[in-house]
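Labels run A, B, C and D following the written order; every chain starts at residue 1.
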Amino acid sequence: MRFVRFSAILICTGLLFGCGTKGDDTKKSELALIKTTNPSPSVLDHRTEKNVDMAEGIKEEIQNYKEIYDAAIIKGDKDILVAYKVKHMYRFQMKKIEKDLKKKLEKKYPDEKFTISSDYKIFLEAVRLQEKMKNPDFSRKEANKKLQDIIKLQQEMT
Amino acid sequence: MLMGKQSWVFQNKPVIAATGVTGGPFEANGKLAADFDILHDDLWIDEDSYEKAHRVLIEEACETVLKKANLQEEDIHFFIAGDLINQITPTSFSARTNQIPYFGIFGACSTSMEGLALASFMIDHGGAKNIITGSGSHNAAAERQFRYPTEYGGQKPPTAQWTVTGAGFALVKENDGTDENCPVTVSATIGKVVDMGLTDPFNMGGAMAPAATDTILAHFKDLNLDASYYDLIVTGDLGEIGRNTSYELLTNAGVKMDKEKYQDCGLLIYKEDQPVNSGASGSGCSAAVLYGHLLNQMKKGKYKRILVVATGALLSPMSFQQGESIPCIAHAVSIEMP
Amino acid sequence: MSSKQKKKTPEQQKYDILQKKHETKRPVLKNCLRAFLVGGIICTIGQAITYFYIYFFNFTEQTAGNPTVATMVFLAMLLTGFGVYDHIGQYGGAGSAVPVTGFSNAVVSAAIEHRTEGLVLGVGGNIFKLAGSVIVFGVFAAFVVALIKTILINWGVL
Amino acid sequence: MLPMFFWAFIVGGIICVIGQLLFDVGKLTPGHTLSLMVVIGAVLDGFGLYEPLIDFAGAGATIPITSFGNSLVHGALNEAERHGIVGVLTGMFEVTSSGISAAIIFGFLGALVFKPKG
């Protein structure tokens, strides 16, 4: 009886973790949450010098934060998505960091619309999008649509 | 006949002529499995509720008694029994089945000895010739009424006790000399309600110990006996804590007795490795152990005179929630081999 | 507790002391260790489920809480139904009662226990027999807290 | 991400130990304990302390029942922001509804499928 009970628990947990790890393609994006990926910023817009510079500038700005250790930046047609990871011990102040960073970036680039998130999901999606963009068949239009989806996801905060 | 303040002496020595004991799966794994007449391997006993299963336990025990005694329901004059469930429905419903004139009694876990004392008294005074008396309890039915649903993961403290699934019934008969090698009831002491102010429903043994002590002392005083008269003094369901506490209370009151002689039904029925915390409890506990194991031992000659002190905690889930303490009672019946 | 103590007669108090001597003490330290272990494991499983939803479905860290809770409730229902959860509860104590699985266990155990009294009066009437007080006090406390906070914000104190 | 598992374990475990102490030392029934913890969760959120804990410990803070009080307050406050003081009443279950509705639905389904084992 004891054994039956115990194996029931084991099977349940096994199922749980089994589901969690299915699909073992080791693309960079799949490990994005476990490892520090530090992707270089991408620009969906016309890859003008200005845009690239700006993306790099944002990246540098973020690297000045000692609380942040990993950031993905995507510059779209209208929006800039900034997803980053906060060092665990600073997660208590996550909301404050987010506000602070947003203010700073908006001050530096007043003409741009920023979407800032420390959410793992947003980071993951950002890295996934960057991965897709490496594929030359992936059109800019599609990429921008995907970016809008991510931004929408970030806004529905319940 | 009344003797002393609260005791009866049965001069005609009514006979416990036959017994029937039923139990559930947990009891089947226990120490006394061999002393049960019927053991079920499922708590539901093929019924669709625990209360109905409880009724079946009682019915089967009664049927066993009748079969062993070779009697019909019509030969029995009264049925004196009770259980723990609200309005003692399982017992009343089995009285509906067997159609024997019925006294429903409630003394919580002391019901078994309350019934035996009353039955012996009635027979001793010619009020009846054959009476079936006993009591039963069902673990899950009691659990869901007094505590939580059976599947609820509440942690029971080490003071808690495990309600027995089982029933023990006996035929008490006028002593007409035809029943040889059958134990007889000699005297009984009816206890008074004792409340020492304990409020923890997970520590029944501690609450009931003073009641058991009170009744034992009254018994010795009324009948002018001491502990050496008995081969065994057995309490109903005090468990480990209650047994140790009442033993100290008795010692403090000047009773000298070997601790081996002072046993508890709640500690006899299960094996040490069964997860019952402090011991067994429930109105079926003292009934099943006495009418099964202890009477068998007496017939084998291990004991000649025993005093059975069934203890009951007279609480309800409501009284506990309303902040009342736990009043307790104990009834003692002395049983001897002729 | 002290007011109850006062009501006791001297005789009862004396007995209380004597009885306490024989009462098996609750193994507080052992219970706490087990509660820590079981509670920790349940929360870790919850975390794994959260990441599962983040990885494979469109949930952010913020929104993944809802499906996670629902999944944990479901798993606890299975464990309760198969008669495992009450054994976990006896081992883990608060470790299995405090997580939302314990809430689920309280609801499900009451529901299946009262199935014998019918679906409407039994299951419907008793399903919140144990968990009801949690909802009542949660809602009332939340009401008071939110009311005070809203008033303070309106007054400009906060 | 990996430290998250660690801290979920630690924080969830600690909250459970607090519950165990209320059981064993405070001698409270499970009903009292859980009600108290929900109230604590609500009050903590009132002071704005529970959200950072969730950020820090993830499921370690959302799985214990204290988060129930937290999300009730959250729902009420969100609604109050939009609709004023009436929102305190109407928004209460906005966030928590999933836990309670899941418990009701699965409880009911469970009652149809399972029998108590005793």
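For this structure, a couple of remarks:
Throughout what follows, a contact is a pair of C-beta atoms (placed from the backbone, for glycine too) under 8 Å apart; a residue touches a chain by one contact, two chains touch by 3 or more.
Only a predicted model underlies this, so the values are computations on that prediction, with no experimental measurement involved.
Contact counts per chain pair peak at C-D. Put simply, the chain nearest the middle, going by average C-alpha positions, is C. Separation between the centroids of chain B and chain D, computed from CA atoms only, is 45 Å.
A straight line joining the Cα centres of chain B and chain C is 36 Å long.
One inter-chain figure worth recording: chain A and chain D are separated by 28 Å, centre to centre, where each centre is the mean of the chain's CA atoms.
Across the assembly, chain B contributes residues 50, 148-151, 154-155, 157 that each touch 2 or more other chains. Within chain A, residues 33, 120, 158 each touch two or more of the remaining chains. Multi-chain contact residues of chain D (touching two or more other chains) are listed as 1, 4, 23-24, 27, 30, 115-118.
Going by the touch rule set out above, the chain pairs that meet are A-C, A-D, B-C, B-D, C-D. On the side of chain B, the complex with chain C involves touching residues 48-51, 144, 148-159, 195-199, 203, 206, 209-210, 240-241, 244-245, 248-249, 275, 277-278, 323. Across the complex, chain D meets chain A through its residues 1-4, 7, 51-53, 55-56, 94-95. Against chain D, in their complex, chain B makes its touches with residues 43-44, 50, 139-140, 143, 148-151, 154-155, 157, 200. Of all residues in chain C, only 1, 26, 28, 31-32, 35-44, 46-51, 61, 65-70, 72-74, 77, 80-83, 92-95, 97-104, 106-115, 119, 123, 127, 130-131, 133-139, 141-151, 154 touch chain D in the complex they form. Every residue of chain A that touches chain C in the complex is listed here, in rising order: 5, 8-9, 12-13, 16-17, 19-20, 30, 33, 119-122, 124, 153-154, 156-158.
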